[in-house]
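One chain, chain A, links the two complexes that follow: it is found with chain B in the first and with chain C in the second.
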Partner chain A sequence: MAITTTTLATIAAARHRRGRRRRAILAGLVLLIAGMLALTLMLGQSFTPPGQVIRVLAGQEVPGASFTVRQLRLPRAVLSVLAGFCFGMGGVAFQIMLRNPLASPDIIGISSGASAAAVFAIVVLGISGPAVPILAVAAGLGVALAIYGLSFRGGVAGTRLILIGIGVAAMLHSFIAYTLSRAPAWDLQQALRWLTGSVNGAQLGQALPLLAVLALAGGVLLSRSRDLEALRMGEDTAAALGVRVGPTRTLVIACAVGMIAVATAITGPISFVAFLSGPIAARIMGSGGSLLLPSALVGAALVLVGDYCGQFLMPGRYPVGVVTGALGAPYLIYLIVRVNRAGGSL
Partner chain B sequence: MTADHRLIAEHLTAGYGDAAILRDLDLAVAPGRITAIVGANACGKSTLLRSLSRLLAPAQGQVTLDGRAIHRIPARELARTLGLLPQSPIAPEGITVAELVGRGRHPHHGLMTRWSAEDDRAVAAALDATQTAELAERPVDELSGGQRQRVWIAMALAQQTGILLLDEPTTFLDVSHQVEVLDLLVDLNMTRGTTIVMVLHDLNLAARYADLLVAMREGRLYASGPPEEVLTAGTLRAVFGLDSRVVTDPISGKPMMLPIGRHRVGTSGPTAASAMPEGTLHDDPMR
Partner chain C sequence: MTARAGAMPGRRAARNTLALAAVVLLVALLCALSVAIGTRDVGWDDIAAALAGRAETIGQAASAARLPRTALAFLAGAALGLSGALLQGVTRNPLADPGILGINMGAALAVVVGVAWFSITSAQAYIWAAILGAGLTAVFVYVIGSLGRGGATPLKLALAGAATSVAFASLVIAVVLPRGDIAGGIQSWQVGGVGGATFVRLAPVLPFLATGFAISLLWARKLNALALGDDLAAGLGENVARTRAIAGLGAILLCGATTAVCGPIGFVGLVVPHFCRLLVGTDHRWLLPFSALAGAGLLLASDILGRILARPGELDVGIVTAFVGAPFFIWIVRRQRLREL
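Up next is the complex of A and B:
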């Protein structure tokens, strides 16, 4: 079949332009995160000059700076970035697969499930250590399965799944509040951690499970990004393009739940980061292309910025989830209003 | 590119849940031809198309492509031979025409393969064939209904399959765009030799544009063959429960049906009355 060379040249040029644009935006996001990271390491109750921070990171002992940077600021910053990656990528995977921004795991109860399991394990069972994330992952998967099962009626309808998920999330929230209120020695910080998420008291060792789940689940998700992109056109179209819809969906759910649940078990369900990252990334990236990586980067930036604001830019000190929650709630309302105006089709 | 592929349904029974919609259906799709599936609402047209494209697993019987059961063929391999345009595909928000058409290359890529010059050529050819090249960088959301349908067909073309199934490709289009889309499908069939199977509602357009008609009733084939054999008053009565007169389309020379309802049939009085069986009169409560 004849092809006009102008068409060929135009589409190749446009494709290269899109590729360059995408790489530029991703590089910009990485720079932003690096900048925020540097800032968090330098600023705090006291200012640590960059030279000292570098020396501390290089392993030298700097009086007055070593403890602050190595024990307080570094773990906090690293955990913020890694948890942000997990929330951002896990959230957008759900949103893409169900083709609905409300289908984020923190709206439909999966984060709450992980959170409830962690609270139950710590407060009631008195467990700590690596068993907590494992329980959280199991509970997150359990909740995902339950919502899926409850909304399955000759095929899963996205809207039904979301409404059931919101109901489940509400029940789990009251369970968390009840469990916390029964705890022998519960304090506000601890309670807020499990209700809105926080990176207070971060330790560098906690980064390990996050790194592991990022490498495993994140790696699998990224390898499936083309299939996920095809699913955005509807399941029939994706299947016609050679995507095995059922297995892909199962794999994506398992990976996304794993990422969300592990991150939740460590930092608590940092409010709305999973929910906000995807739509923000989509807005920044413009059309086409996988949103997994951009959304992960946006998630990390959100947690870093949110935590910094909560610590230093507000009167008093608030956990990061309070700040991201304040950002996310208006967007949630906007989304619901817009969906209603569009005629209620979610 | 198209060694004529043979797509065959054998004793096919399929449906949703326990309800069988297709019952023991046999169909051999004519290679290199255009086939239109017609029939009343809920007679199983779309179900047949979904079964032929593996979106629906058969309860009994099987669908074979070149002698192999299609549910045994690896998904990507099947998608390189058999394309399907569903009734209402969804364009991701903000995607451009060229990107959407590029999605058609999905089955030609593995886990690690990169976009190649071959992919660019397939996309360019699909855009040219559907006359959508000048829209290439426009967002799909901004296009008119007719343009959008051409773009979706372009995506299916970029897939470069020998067989293309389309579920009501002309729905929601005005008459000029319907004709435009059908002309495009005939172009494809003639230039690339693509085997086309489509579900169509408009019987007269089906008779004009398809080489073969398949008329379905209650999940079975009622008649199949050239339009001259299938589009008859008898078939229409059996398949749609509708009285009609079939005349020769002065434009194409193919058969053309004129429906006969209860009203507004006065001028052709005697003919209309004689075409109307006695029984229908008693069904009318007004008499």
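Up next is the complex of A and C:
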């Protein structure tokens, strides 16, 4: 009896410690994002003192600062954060569900589907504005559905889903490359947005669809985080724990695809953010606890930092996707090596 | 491997010879069609005149311009089909393909880096850069994919290849973006096509392809031993590592050189060996030459299709093969009992 009590006490203490650690790390991530936001708003080609930034944000007209902060820096920063949230959370949901960190939406073709639809809409159909994200979401969902349906053969095996996704992604990539190379008034910046992702020319209005999808799909995902955690231990274990695997899977796919597709339609498929956020979050959080929120925060931090580096810290100006892609490459190598050694879990 | 183990029943050999004749005939027909079909219709007499070296009428000139293109499609298709068969034999992996494994993208990155940073211009240098990039990427992806439990499973190799492709694609853009002068050319090169070929541009790549073809055909017998599994092959007195290295080198020469000239063309190396296995079985001494021929046939057919579908313009062959090949890839994945990671 005495032993049981001490064991329980130890477990409770450990859980308490973990909870505290988790909150501390989350707070740290939020601080990092806030810091990056402040930096983005204050320091660009020119320096705007914090007092002026606050006055502009409060709605006052400050000569020399209003335009830069309100029209250029604020939309960019807001869009970076929101898109980062979407990529981070959508990506990690896939990685947890398929139990393979390499099975992120940017590798198995979901982002490519959204991207291909956007390119097709802009270049071939010549449409722009709100119809483009809608089309991209539809295409992202369509591709996800197609991959899911094609890999269905008496149940969906994760392996089959990933491999079919890779095949579909390869096909879509060649379609995107071809459509862009044939665009009549071929614009490199526009093209690069759809190949690597960028927040150039951001407008505050574009944040609305992102906010909506975050509230809707993100909310559903967060409310299902327990089921997702159970799925992380394998389908059989999850079923034994009382999770209805099929419906949960469908719901998670729908939400994650929605987030990824909306973000892709607005910023382009920012390379590797969906792919890197989850593993990075897993590394800094340690074991236990849902990865959805930490991963979303890491995603936002990645996009903010990547965009800032691409804008100001490099020779020439690069879109954020090029920076995250290049930064992601070495981490990817490390990750593949480590994951393969461990046998595939996040 | 002794000669006895390699002997095959006479009926099989006869059937294979028949199939070989059929494929040769088909490829010859496709070559003829490739010269005949295009934006401008030309008569057979014009084609005959063009083959004889005359280019007096517009029809003759058009046919003459299509000759090097046909030759390039034939060579590139043969090289890609063969390199796919070699890669599948070396890795014993049904999904091995220069595109899926990221080898094409490695070659592309090396060429782009060479152009941008080392200002290479000669065709020879392009090819060397592409082969170097292809080789390094192949080794890299294979090593990464075979780490951990279970060695190089199809899933791990495909994931390592896909992830490497994405990373390299970003790096290509990072290198190209500040250099507007080369961006356009590289963008269109990345789709993969055989249009605009001339015999002069074709010449430098021939020695590389010839070496690749020679290696693969000489090494076919050893690949048969490899198919039995490493332990058994070693037990039969085969130097497994050396066989793998040399056959892999052949595959890299072939797909690297092809990528340097045509840009990355996906899925030919994946589809063709599977199709040929259905025709002639798994003996590499038949499979490899067949894969080369069928690869040539597939690329010629895709190129012709691209010209018919998008008249009066044309579709690059890379997009046609992608749309023909990806469904096939999915079919293979669905058919196979793939091992879970």
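In this text, the second predicted complex is superposed on the first by the 327 of 346 C-alpha atoms of A that agree within 3 Å, B and C clash if a C-alpha of one lies under 4 Å from a C-alpha of the other, contacts with A are read in each partner's own complex, and residues count from 1 in each chain.
Operating definition for what follows: a residue touches a chain if its C-beta (ideal position, glycine included) is under 8 Å from a C-beta of that chain, and two chains touch if they have at least 3 such contacts.
Keep in mind that what you see is a predicted model, and the values were worked out from it rather than measured.
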Since both structures carry chain A, what do chain B and chain C do when superposed there: clash or fit? fit
Partner chain in contact with A:D236 - chain B first, chain C second, else both or neither: first
Counting residues of chain A in contact, which comes out ahead: chain B or chain C? C
For A:A58, using the defined touch cut-off, is the partner it touches chain B, chain C, both, or neither? Pick first, second, both or neither. neither
Across the superposed arrangement, the tightest C-alpha approach of chain B to chain C, in Å, is 12
Inside the complex, what are the residues of chain A that reach chain B? 1-4, 6-8, 10-12, 14-15, 18, 99, 154, 223, 226, 229-230, 232-234, 236-237, 239-244, 282, 286-288
Complex contact set, residues of chain B against chain A: 16-17, 50, 53-55, 75-80, 83-86, 88-96, 98-99, 102-104, 106-107, 109, 111, 115, 120-121, 123-125, 127-129, 133, 136-137, 139, 156, 159, 191-192
Which positions of chain A touch chain C when the two form their complex? 100, 102-103, 106-107, 150-151, 153, 157-160, 162-164, 166-171, 173-175, 177-178, 180-181, 186, 188, 191-192, 195-196, 271-272, 275, 315-316, 318-319, 321-322, 324-326, 328-329, 332-333, 336-337, 339-344
Flag every residue of chain C that touches chain A in the complex, lowest number first. 95, 99-100, 144-145, 147-149, 154-156, 158-160, 162-164, 166-171, 173-174, 177-178, 180, 183-184, 187-188, 190-192, 266-267, 315-316, 318-319, 322-323, 325-326, 329-330, 333-334, 338-341
